[in-house]
Amino acid sequence: MEQTFEKLFSILSTIFTVISVVLLFLVIFFITQESMLIFQEVNFLDFISGLTWNPLASEPTVGILPMILATFYVSMVAVLISLPIGIGCALELAALENERLKGFFTSILAVLAGIPSVIYGFIGLLVVVKFLEKTFRLAAGESILSGGIVLAVMVLPYIVSSVTETMEKSYKKYKETSLALGVSKSYMLRALILPNAKGAILTSMILAFSRAMGETMAVMMVMGNSPILPKLLGKGETISALIALEIGTAGLGSLHYHALFTSGFVLMMFLIFLNALFYLIKKNLTEHLE
Amino acid sequence: MTNFPLRCWTVLSTVLSIGLLFFLLSFVFIKAQGVISLNFILAKPAGFPVGSAGGIWPAVAGSLLVTLIASLFATILAFFTAVYMVFYCRDDRIKLVVNLIIQCIAGIPSIVLGLFGYAFLVIKLELGLSILASGLTLAIMIFPYIQIRLQKLFLETNKQLLEASASLGINRSYTIINLLLPMYRKQILSIITLASGFAMGAAAPVMLTGCMMNAPVPESLASPFMSLPYHLYVLIGQGISLENAYGTAFVLMILVLLLNLLAAVPTLLGMRGKR
Amino acid sequence: MKHHLILNDLSVAIGDAEILKKVNLAIPYNKILAVIGPSGCGKTTLLRTLNRLIDEEKQARVSGEILFKGKSIHQIPLAKLRKDIGLVFQQPTPFPMSIYNNLAYALKYHGVRGKVNLYRIIEAKLRLCGLYEEVKDHLTMSALKLSGGQQQRLSIARSLCVEPEVLLMDEPCSSLDIHNTKIIEDLIVKLSQHYTIVIVTHNLQQARRIADCTAFFLEGKLIEMNNTEEFFTNPQEEETKQYLQGLFG
């Protein structure tokens, strides 16, 4: 009886693993396949370096350079805003001796990471966009900057948790030795813990950057979505927003449809590359530490 | 004296980070006060354009259902995949390839998964714009999250416990079901609830695969549906009703917070037990 | 048939390392065999080979033959073999569940049904291990709350629940204090009336106190085996003499 069940269980787990892997493989395969069709009509280089996106015109042009640039621009702004705050917060958390308080802060950050991106977009629209309109006397506050600010809040928990993890380790490791030298805690944080976390900061930046690039709803709600070359205080449209906004109206199998898939493919490749980079660096760092 | 700027920086950053959550919560909660009522939660959207009056019940029900479908599929697949990888697979190359593919999928943005769901599930498999197609798309989205964590959990099991079980003449499946599952019940539940929270809050994958601006509570797996995050997006994006948008955001936030809380409860209880 | 277990030219390698080299050994029924030797001599691997736990390790290669009651262990279904040859580890291995469930865990698997039946066996095994009086009112308490000595006796009771014929013990007292060591040693002697016991130990005095026969391993080879009295008073091999004098750590 138990032996039959064991057989069944092992067969089941094998089958389900195969299903998962096939399904995941299909995602990559299918997106690639659907997006390759466009290159019968458009040159790959033209596609990623073209400045105009007008797939519905009588002579359609599909260039996604503005979207690529906007995606990078807004993610960069987000990381730049988020990084100093994230590192400061991580320093504070790493050196926090009160375990209960630390637990409380950590769970707050976890909740922050779990809030749906639509809610971030919603509040961003009502608060950040309004604020920018007033401060810079803009006709419309929807801009790369507002997208960057909203994304900065969204990637903050990732930066804090991944930097804190490393800092905590080195804090525990060096605390006694350092205190024995009569050095203050703040000096130790600045002179030892912070420089020691360089690698972790780099990986957290990559992680945050890739999170920001993959985000859809929040940026779409606060960036104005015009397929133009991005300026900090001007509108912009990310690749993910482009897809989300236009796939519903793109005729099945049309040039428009395939161009959107190709955009998705380009985004996917960027992110897979960033992820691979993240794992390589992280693996290198952990081996280095051991 | 030189330490003063550093302290300022770290304390300010921390206060800002923590303050953000409270700002977000109070912002939504205060503004939603006037809208929230039992009637708002339990009524259908009404008015013209739809959503400018009435409630959000179909969106609440749709969100709960689609999350349930996603968690169910993702958990089953992730559990068995993790079990296979840790307890049955003996070929390191297979492990490497499977891990690689899962890591890849973990990095794919949700909107691209939405594209896949649309082109493959909705069109190719002819599921149509439906709650099933959306649920499956979300399942693919949260699958890596659950699988990676379950696999880590299983891998870190004390080897001697497994050997002690094997030494009693007991096979793997019985060990997994009767020893590991009870032992990791809390952690597993917490992983699944957190993943469900992500699924519930995601709008991008569902808006391409079956989520509608207006639909009744789904009657079958093939029905289109409404979801809270998408409803919120529509209300605000098309300027239909700011009031109802606050209400919708409030309900969505409460549901996600509840899931977060649910995930934390076992750990909190466990901590008390240890003392 | 005089011997419970017979090893013929048993060799075990893990990866490139040869752990056991051509071991020939016969273990008689209902006796206690102590296996001694310096760390890394292959004692633990020997135990793990006898109940085929070694098969779980990917890089392990086993050659030679092990006969259990005259039959090769590879001809016996794995579950049956491990049920017949129990193993107790160095560290106590209570499962994170109640005391009762720790013992019922394997019983249920091997088909014992009904609360009355389960309780009867569990009580008997706990009594045998001298644990019943201590825990009878706390059977639903988590086994992790027991003391180290109690946990080890629970691990032994758990092994006995599936009615093994041979009990392998891998330094079962090394993590315990003197008092608990004494309790476990008495228990082992008592058990040898019904079970064949192979105990790996670092403690020469322990081997001398409880074992009927003693085998000495060095660098994967069986150097000498004899009845305990002979072994300690009149060792035959030069290496044994040196080891008994404390020359190999």
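The letters A, B and C name the chains in turn, as written, and every chain counts its residues from 1.
The rule is short, and it goes like this: a residue touches a chain if its C-beta (ideal position, glycine included) is under 8 Å from a C-beta of that chain, and two chains touch if they have at least 3 such contacts.
All values derive from a computational prediction rather than experimental measurement.
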*Computing the C-alpha centre of each chain, which chain sits at the greatest distance from chain C?*
A
*State which chain is most central when centres are taken as means of Cα atoms.*
B
_Whole-Å gap between the CA centroids of chain B and chain C_ = 48
*Cα-centroid distance, chain A relative to chain B, in whole angstrom*: 17
*Mean-CA-position distance for chain C and chain A (Å)*: 54
_Residues touching two or more other chains, restricted to chain A: which are they?_
2-3
*Hey, what residues on chain B touch two or more of the other chains?*
171, 174
*Touching two or more other chains, which residues of chain C qualify?*
79, 109
*What does chain B use to touch chain A in their complex?*
2-3, 6-7, 9-14, 16-18, 20-21, 24, 27-28, 76-78, 80-81, 83-85, 87-89, 97-98, 101-116, 118-120, 123, 140, 143, 147, 171-174, 176, 194, 197-198, 200-204, 207-208, 229-230, 232-233, 236-237, 245, 249, 252-253, 256-257, 259-260, 264
*Which part of chain C faces chain B closely enough to touch in the complex?*
51, 53, 56, 58, 78-84, 86-87, 89, 91, 93, 95-97, 105-106, 108-110, 155, 158-159, 161-162
_Residue numbers of chain A touching chain B in their complex, please._
2-3, 5-6, 8-10, 12-17, 19-21, 23-28, 30-31, 34, 84-89, 91-93, 105, 107-112, 114-119, 121-123, 125, 127, 153, 156, 160, 184, 186-187, 189-190, 210, 213-217, 221, 240, 243-244, 247-248, 252, 260-261, 264-265, 267-268, 271-272, 274-275, 279
_List of chain B residues in touch with chain C within their complex_ = 90, 160-161, 163-171, 174, 178-179, 182-183
